[in-house]
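See structure below.
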């Protein structure tokens, strides 16, 4: 029971991070049907911006929570700019070409950014200064650290914020309209190009927050950390039904749980196998993911 | 170019450069000790200067300043093209083949090694081309078949001492079975779901190779794989030897690559190839025109897998060592990049793609730090200038699901 | 002798009743028209016959054999070919290749034959090409054989669709609005072509809006409205049928 | 199509000739002035990818050795380095080895991953080029019977013996939990430890594997916590993998003693894991940092950064080779081999003396992390604590 509770806590923390990154994949996919491979690198860049900003501010002598808060905001802005630059530079000109070409340029961008990070930040891991949030408490034998609380708290806040943005505001409405039908939304006066940029920016900001939290949680960041997490988050987005925001949150949480429980109860070396097998199994029976819309492509 | 348009262009350029600086500076300029501007400004200034020069050149070209050079050059290339058109295709093929055969005679070790790698990847690229280019099914886990082929030969050679030539078809068959296993659950899925499922399968295969200690020896890999045996001209008579030198390996893989090229070309121009393309173009219409689309898709996976498996068996024989590290996702991505960069569905395109992606990074090995950085950037940019690939197939359009 | 027989076909998509108890038959060598206002369920009937949709109840039989649970390519192999309302050619393949695909179900050679270029494979390939060229010539497209489908003019694409269907050597041909978008001269030409196809002994079932075409060549007509069959008979009977007139004009 | 083929053949021709002639031209140059070229040694290791940090340590170690040895080489010099990247990938390792053969190096210092060293050795041995690995501790490296294969670092089997001895003799442990991250190195070591535990009356409560590149170990650690072992034996590929593990161990409140191995010996460990690294034991090839030879090494290395786990070994490997070359008066492989076998000198890492099979013996001791520094703790040879 203790073990189970502990694994549950671990799973929720991990799942929350996956969900944040998965959202970026799903939103971009929803609007331009692109698997944005470079998204994982944006996540890594976020982690690095966190290190850079927090180290600097800590050295200036600001209190930890101020550092974290300011770094979070600044880094999110930075990542949004980065993602928009990537979008403008290599995705926008390809909007009318074959989807595989865009996929390839996304892959190229991913390699480019990853190595760019390596060149500017070095091959060594970069450490987050001190542990910002220390200690923890026990519930029923399960250790819950305050760090986990902070991570889950920030994740939930961001998810709620995103939901409000997408479902309650005019911008959100425009985003959903563009995702549905670009031509029609252009007719009613929505600037699709701007909305797409905005989608990239929001996705990137969320990934950036995830990057900072992962960095704080594991104590360090590395230039290639985006890849593995990116693949998992992308699986999470697909599991939930790619293009569906609620689905991505659910998918992220599920993948996190599956991974932790598979590692805890079955085998830690095969945990990714279980995650993928469950993903494939779900897709076999629900070909568009758990919450994806059923697209009937056999219509004549 | 008119003045307002030009002004707009330079305004855009200024914004982009500003943007670049905002992105560049924090990565380089913020240090725990304080803020620093000199390094990032220097790098930025170089980038800005180069791009400004390029922009000016481009504008001049638009205005026709270079016409005096480009017009005659165009005429020359046109004339050259006409002249080459007069020479029969067969002759070019023979010439290309002759070059390939003569290659090891004029080059040395390292070039052989690179050439072998290129040829292995040509086989892989052509195999994936059947799946992605012809049948239009996105596959991100293709390297798994390469791994299955490599391990099949490795295990059969080490445990049972079977010869390479006997194992080649077995490796192909095993890969085909693996292809069907992977293909089956994906038959009903649409393109992007296919992507993640194939990626997942690729990872599963790699993790199994890495963890099934009793079979694959896990991360330690399998050592002591026999090279192919052959009857070779030696000391004035024909003897059975174990192939050891790089030239010999080169000829083996050249043979394998030629067989692959011929096979893929012939499939492309057969009933099966047309069915592949029909599925790619419009799956529903293909089914209604009597093509068993599920069967054909499965066949496409199996076919692609066979070529991957054959290349894998050769890889194991050539390295005489296999370990799971050779079969990671990035390899799948590389093979896919070859196919798309070269031109989907086009055989010469795939060859060109393999040359570009394997040979070029090897040539630039000296810049190892910047190598992958530039490679990624070029790959992304390449798609902007030639979205259909270096050498597009004559007829190649969107995949069927893209139009739904 | 009925070759194609629909008995009490009903199709439901979720809550939507697309077809209700539709029954009719197509006799060998017959030309049957299927008409009705937009949304009456005509294309659904085609989709049911060719196996794209499954019926909720009722059954389709072809040549005395029930078609239930057969995949579309099997149904084509039995001899039912069709064209599409919105042209669905293989856009990036040449006209000839488009037509050659239709021979798929009539040929057998597999991968090994193709790779080794065996004698039987070559012979078969030659036969496919010959049959395809025949179909193209029959539709007057021989000169466009090497043209990529998407480059053909609209009228030619319509004809290519029919050629493709014919190349599968059908006994029954389902034409889904073959005259849509054609000018009067082309429509006349089409009527003539349909006559020639019928003369080959192929039964034809066609959905068409152009009454001139339907009344001109169909020997019997089935009228659908909101998924229900409201009339069946010879053209002149249908023209006088008050329910048909109401369906077309009444609640406009 | 024809034009396309024309371009293809043209391109093939040009590129082949370019690669071919490029190589040949270099050869000609060398043929003209063999003396001026001096000695070229190669280094092989992951300069990019996951283990780039360790690969750079090796490269830097060799660079330091060249700096130190160059003045001594006299007419044989100057010594130059050709550093190649293998990204720890067997295919790239073989390609890089072939490139080094092309570049006419006479010895290769490397590689890092055993899985790269083993296949890369094949072409190097065939070309009679020395391969001295400063980091591949897998037994198989020197057990393949290669004539020119040497190893300056210790062997996994020796290291695991030291580890088990420490757990039983000093920590008086009864139960141990083992985790590794599935590399040739880390798993080999963990498997050896597990095997030895059976004979040492040490109960193995569990042996888990995590994957390379994982950062989240919470699931495994939860199991460890529940199992309550006396010692937690952590065998990971490098310090970057170990640091998050240590952080999570502390966060989860696991108080068990932790024993790690030499790959985590890197100042990065304390930088990343900070106070959570305190009290961690590790087996490490003993290096006395007070000896003159180490200080000489450290001086030369200073401008290259902080020495990593294998920097000193890489340095010693290169120094050993260059000493042998100097003694042999040339780079003839047979003569150099004879001289290499005669060597017995105080290296930066340890006393360097190669055995017949190419191994140089192991000198594992137990170290502990104390106040952010690695300190010698216990000597398995005599079972004594080091005094501070």
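All chains are identified by letter, namely A, B, C and D, in their written order; residue positions are counted from 1 within each chain.
As a convention for this text, a residue touches a chain if its C-beta (ideal position, glycine included) is under 8 Å from a C-beta of that chain, and two chains touch if they have at least 3 such contacts.
Treat the numbers as computed from the prediction; the structure is a model and nothing was measured.
Both chain B and chain D are touched by A. The count of contacting C-beta pairs peaks for the chain pair A-B. Summarising the inter-chain layout, the chain whose CA centre lies farthest from the centre of chain D is C.
When every chain is represented by the mean of its C-alpha atoms, the one lying closest to the mean of all protein C-alpha atoms is B. One finds 72 Å separating the Cα centroids of chain C and chain D. Chain centres here are Cα averages; for chain A and chain B they lie 29 Å apart.
Averaging C-alpha coordinates per chain places the centre of chain A 49 Å away from that of chain C.
Chain A and chain D have CA centres that are 36 Å apart.
Under the contact definition stated at the top, the residues of chain C that touch 2 or more other chains are 52, 84, 88.
Looking at chain B, residues 207, 210-211, 284, 288, 369, 372, 397 sit in touch with two or more other chains.
Listed for chain A are residues 118, 269, 272, 298, 300, each touching two or more other chains.
Contacts from chain B toward chain A in the complex involve residues 19-20, 22-23, 26-28, 30-35, 132, 138, 185, 188-193, 195-197, 199-201, 203-204, 207-208, 210-211, 283-284, 288, 329, 333, 336-337, 340-341, 344, 369-370, 372-373, 375-384, 387-388, 397-399, 401-402, 404.
On the side of chain B, the complex with chain D involves touching residues 81, 84-85, 87-89, 92-93, 95-96, 99-100, 103, 106-115, 117, 207, 210-211, 218-221, 223, 244, 246, 315, 319-323, 325-326, 348, 351-352, 355, 359, 362-363, 365, 368-369, 371-372, 391, 394. Of all the residues in chain D, the ones that touch chain B in their complex are 1-6, 8-9, 11-13, 15-17, 19-20, 23-24, 27, 47-48, 84-85, 88-91, 94-96, 98-99, 101-102, 114-115, 118-119, 122, 126, 138, 140, 144, 182-184, 187-188, 209, 211. Chain A meets chain B in the complex at residues 29, 33, 35, 48-49, 52-53, 55-56, 58-59, 78, 81-82, 85, 89-90, 93-94, 97-121, 129, 231, 234-235, 238, 242, 269-270, 272-273, 276-277, 279-280, 283-284, 287-289, 295, 297-300. By the touch criterion stated above, chain A contacts chain D in their complex at residues 2-3, 6-7, 10, 13-14, 118, 123-125, 127, 130-131, 136, 138, 143, 145, 147, 214, 218-220, 222, 224-225, 228, 259-264, 268-269, 271-272.
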